[in-house]
Amino acid sequence: MNPTLEQLSEHFGRLTTGTASAVVQVADPALKGYHLDVTVAPSLVVEAAGVADRAGFALDAVTGVDWLAQNEMEVVYDYFHPESPLRVVVRTRIPRAEPELPTIAGVFAGANWHERETHDFFGIRFTGHPNLKPFLLPEDATFHPLLKDYKP
Amino acid sequence: MNLLQIHQRPGVYLVVAAVLLAIGVYGLIRRRTLIGMLIAGELIFSAASLNFMAVNRFFAPDPAVGQIVVLFIMGLAAAEVAIALSVIIAVYRNYRSIHSNDLSELKG
Amino acid sequence: MNFLQTEPIRILLYLVGICAFVGANAAYLVLAERKGAGRIQRRPGPNEAGFGGLLQPLADGIKLLAKQVMVPPGTDALLFRAAPLLVMAPPLMCLAMIPFSDSITARSLNVGLLFVFSFGSINVMALMLGGWASRNKFAIISSARVVSQNVAYEIPMLLVVITLLMVTGTMDLNEIIQQQGGGFWKWNLFKVWVNPLMPVTFVIFFICMLAETNRAPFDMAEAESELVAGAFTEYGGMGFGVFFMAEYANIVVGCSLATVLFLGGWQSPIGVLSGGLWGAGWFLLKLYALIFTVIWIRWTFPRTQFYSLLNLSWKILIPISLFTLLLTGAMMKLPVVYNHFF
Amino acid sequence: MSTFPFQDAILVAIFALVVGVTIGGALIAALSTRIIRGVSGLMLCCMGLGGLYYFLNSPFLALMEILIYVGAVCVTIVFGVMLSEPDEPAHEESRRHAVLWGGAALLVSLVILGGVAHLGLRGPWQEPAARVSDGSVQAIGLALLTTYSLPFELISIVLLVAILGALVIARSGRTKE
Amino acid sequence: MIAQKDLIPVDNGGDPTKETFVLNLGPQHPAAHGVLRVLLTMDGEWIQRAEPVIGYIHRMHEKMGENRTWAKFLPNTSRIDYLSAMHYTHAFVGAVERAAKIEVPVRAEYARVITSELNRISSHMVWWGALLLDLGGFTPILYAFDDREKILDLLEALCGARLTYCYYRFGGLYNDVDDAFLKGTRDFVAHMKPRLKMYRELVTDNIILRKRLTGIGPLSADLCRRYGATGPVIRGAGVAYDVRRAEPYSVYPKLEFKIPTYPEADSMARYLVRMDEMEQSLFIIEQALDQIPTGPFIGKVPRVLKLPVGDTCYAVEAARGRFMVRIVSDGKEIPYRVKLRTPSFSNLSLYEEASKGMILPDALAMMGSLDLVIPDIDR
């Protein structure tokens, strides 16, 4: 049942939107802390989550990174496998001006909170999210503190 | 009438019972929630019990009889309250109200 | 001396005595509870105020008295204030019936047992009114729990008491004690020839008593981890203090009743030295042993869950107590039947 | 009971208090708009009644009154109050209407009061020739199980049916358990 | 205090047989361990919906990470979950060491294991006492704190802090473990073993406790996976997931220990997992004490630490589950992004789904069995 690294890279490699397909790199866990580094287009994160879900992965975290210099935002989905030592990272980049991503809360229920948190901190809108209310920040907060150009 | 013997005169108890009855009837007419009416009904029961007890104490040949009757009344009152309250709760579930006015429609 | 023995003076003396007894007990049982908890938890407990902590209840009382009695807006102010009074009255009334010794009883009544139970039943009403009047959701949930719990446990308790009444044949508490004279094997607790399940009855009585007084592990009324402080959430200052004292007064009443009904009241366990002050000594000894058990249980067990608490009563205690009732009846009638046929 | 000074006066004072509590409780029960206070009034009234029974030489019934009415009936009613909308709303009928109906109700109850009180006070009551039993608890118990055993059994059946009926009615609306 | 209209309100979903009301559990409530607020929609005592509302002590540690050097952020990590600070500093130190390829001396690694496992025991002791407090048992927490005190004393002597330890450094430790500490730890292990046995007899086998926990709040393995719940929660669902084995770090591969799992998935299973874990921690400590070599306690670390560009993850098994640090470096002295993935966050996120239809005391028992630390959720 537990997937091997090769199977996984194959599954993730098959993801494609027509123009751009997923880039799968095998990483050294001793140096990086994960085994597989998958870069996908923003529209593919849900399918990528589906692949991870079918392989029995669990969502570890959703990390936003604000690359101010490139005028892009990166969202990293970490997956861990409860029954094997494998770790997979799925990353995608979205334009900073229009930070929108489809939600994966439909695949991993736990993503609900992670995405709300990321929305709080980066202002990334997760389309289709069931409950994108302010979460950790005050209810009336209009700022996104983890943006690199955020001035308190 | 000797005021100091007032607690040994049957009339006093009978009048108190009459007052209770009157209050109970007034409440039964004026109350507009089922529970309020139930309370008023209890007052009427009490009036009857008190009458029984007074008559029993002063005029009955066997003083156990009145007490037994009152015991029966208490039992009936308890049963009545249980049934009435379950009905009231059932009514409330269906109508969201226990006001007697709201219940006059008689349709579910 | 003659003046002292006139009825009103006697009643007055006893009333003052009972109030003092309840007050002192409530105050010092709190201390005993805290000290006991301290011993059980391997810490000293309150030991600062007064002589090794002996003045702690006084300090607490002064602190509570000095606090403003808050009546939160939105509450039913009248009932909110009346509830603490109502909760304190029943134990005071009940204690008047308890014979502390063969000569020390405030008021001996031939229906003393009934008296204790009828006034004990007011307690529920008081807690309920207090909870309801607070208009606090936690308090209201707690009130609902208190009622279900007390109704559920009143039944096995009364069944047990009826069993006992069949054995004693009287509701006069003093007479019940007198029947148990002459050594601990004559106590109702050990009357296994009347009913082999007598110790079980005692255990049921004790459990019901814990539940009726809302003591751990049945303290649903103030299940503090669930309902903050339950029915007392909105009470502060002396309002809370009175509820607190009433809890201990109720424990005293409950344990006194258990002592009278099952443990021979003021009778000496060895058959001698049971009159007068000796009797009072024996009574208090048994009473405080039971109270200590209550405290011990509280600091040892976690709280039961509310529904398993009700299940315990309806599915275990009531059937057992019904069975003991039938068994006692059968065993009492057996000789009659036997004599009739043979 | 040995006599002592002012015994009668004290007794009468207590009696007056008991009567006051009874009637006051009844008034609260019937007039208060908050049902919970109405129940408290009923409780007061029942405690007063218990006192009256005590004055009528029946401590047993006095205690039963408190046990059953305060401990059971009132508690059940409060429970019912908790489960349903408790308070009466303000009268929505017109003032004239209210006065009219209130007056009518008052009239009816006053007529009843007058009639019953008249009967009570002027009725041709006769002192009993001789007492059959002493009215003690033993006498009640004996009578219950001999002369009145049939009503006694009937009452138990009524209670049983009431409990079952109450359970059935109250549970029927409940979907989840 | 509530107004009349709030008593029997609102959302019954058009079904008049349902009477629901909203109960605000917290942020100040005796059963919420910290400032957790749960918005309960109740039908009587049954919970229709329980929505945790968090963020009351949010401190934005992740932003703090972006404006101080790697070393200066280290003490912050110990403030996230104040009950298992060792694990949290371990994760951050490990992430930096992994990214900067810093070698850690073996003695330091053993010392880290010993202190981490001590910290795990002390954290579990707090959980144990608090859970029993939730269930209305007052006494165990004082015994638990008594034992925990011994651990705190040991660790205080070592690093000067009793709660928010900052003992680990990049490449090693703040100072060496001395003989007094090693001996004290041995004594503690000897002291703790009979205590755990006593707790099992007095508390674990208590019938009321068993009734309160057995069958209550089942969290299936799949539920845990979908929500990313880890630690004793997923082990209580029968999945032997332990970061110490799944992603071996430090010297755990050299040490023997069992991963306690219970397939029942109820609160009792989580309870038993933690109780067993304390035993396993003692076992690990014993081995580590036997194996600890002599040598330096800190390796070679550059004075000005600059990490290579790129991101690195490092996960540890904290007392509450998987704690992962993801650091992103742009080659400067200060982190570009620090992501802290905390176990309580994921463990609580399943609460809304899991508590549906439970009654209030059971829901609180389940909450106690999740072992939440609110600062760990809010960060």
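The letters A, B, C, D and E name the chains in turn, as written, and every chain counts its residues from 1.
Quick note on the criterion: a residue touches a chain if its C-beta (ideal position, glycine included) is under 8 Å from a C-beta of that chain, and two chains touch if they have at least 3 such contacts.
Computed from a predicted structure; not experimentally measured.
K.L.:
Can you tell me which chain is nearest the middle of the complex, judged by mean CA position?
P.N.:
C
K.L.:
Based on C-beta pairs in contact, work out which chain pair has the most and send it over.
P.N.:
Going pair by pair, the biggest contact count turns up for B-D.
K.L.:
Roughly how many whole angstrom separate the Cα centroids of chain C and chain D?
P.N.:
Those two chain centres are 28 Å apart.
K.L.:
Quick check: how many Å separate the C-alpha centres of chain C and chain E?
P.N.:
Roughly 44 Å separates the two chain centres.
K.L.:
Could you put a whole-Å number on the gap between the CA centroids of chain D and chain E?
P.N.:
Distance between chain centres: 61 Å.
K.L.:
Hey, how far is the Cα centre of chain A from the one of chain B, in Å?
P.N.:
72
K.L.:
Which residues belonging to chain C are in contact with no fewer than two other chains?
P.N.:
Counting only residues that touch two or more other chains, chain C contributes 140.
K.L.:
Where in chain D do residues touch two or more of the other chains?
P.N.:
Residues 60, 64, 72, 79, 81, 85, 173 of chain D touch two or more partner chains.
K.L.:
Check each residue of chain A and list the ones that touch at least two other chains.
P.N.:
none
K.L.:
Show me the residue ranges of chain D that touch chain B in the complex, using the header's touch definition.
P.N.:
8-9, 11-12, 15, 19, 22-23, 26-27, 29-31, 35, 38-39, 41-42, 45-46, 49, 52-53, 55-58, 60-61, 64-65, 68-69, 72-73, 76-77, 79-81, 83-86, 88-89, 101-102, 104-106, 108-110, 112-113, 116-117, 119-121, 125-135, 139-140, 142-144, 148, 151, 155, 158-159, 161-163, 165-167, 169-170, 172-173
K.L.:
If we count contacts the way the header does, which residues on chain E are in touch with chain A in the complex?
P.N.:
Residues in contact with chain A: 54-55, 58, 60, 62-63, 66, 95, 98, 101, 221, 224-230, 234, 239-241, 246-247, 310-315, 322, 324, 326, 328, 336-337, 339, 341, 345-346, 349-350, 353, 378-379.
K.L.:
Give the list of chain D residues in touch with chain C in this complex.
P.N.:
1-2, 4, 10, 34, 36-37, 40, 43, 59-60, 63-64, 66-67, 70-72, 74-75, 78-79, 81-82, 136-137
K.L.:
Using the touch rule from the top, collect the residues of chain C that touch chain E in their complex.
P.N.:
The touching residues are 37, 40-43, 72-75, 134-138, 140-141, 216-217, 219, 223-226, 228, 234, 298-308.
K.L.:
Which residues of chain E touch chain C in their complex?
P.N.:
On the chain E side, the touching residues are 1-4, 7, 21, 23, 29-31, 45, 132-139, 142-143, 146, 206, 208-209, 211-212, 359-362, 364-365.
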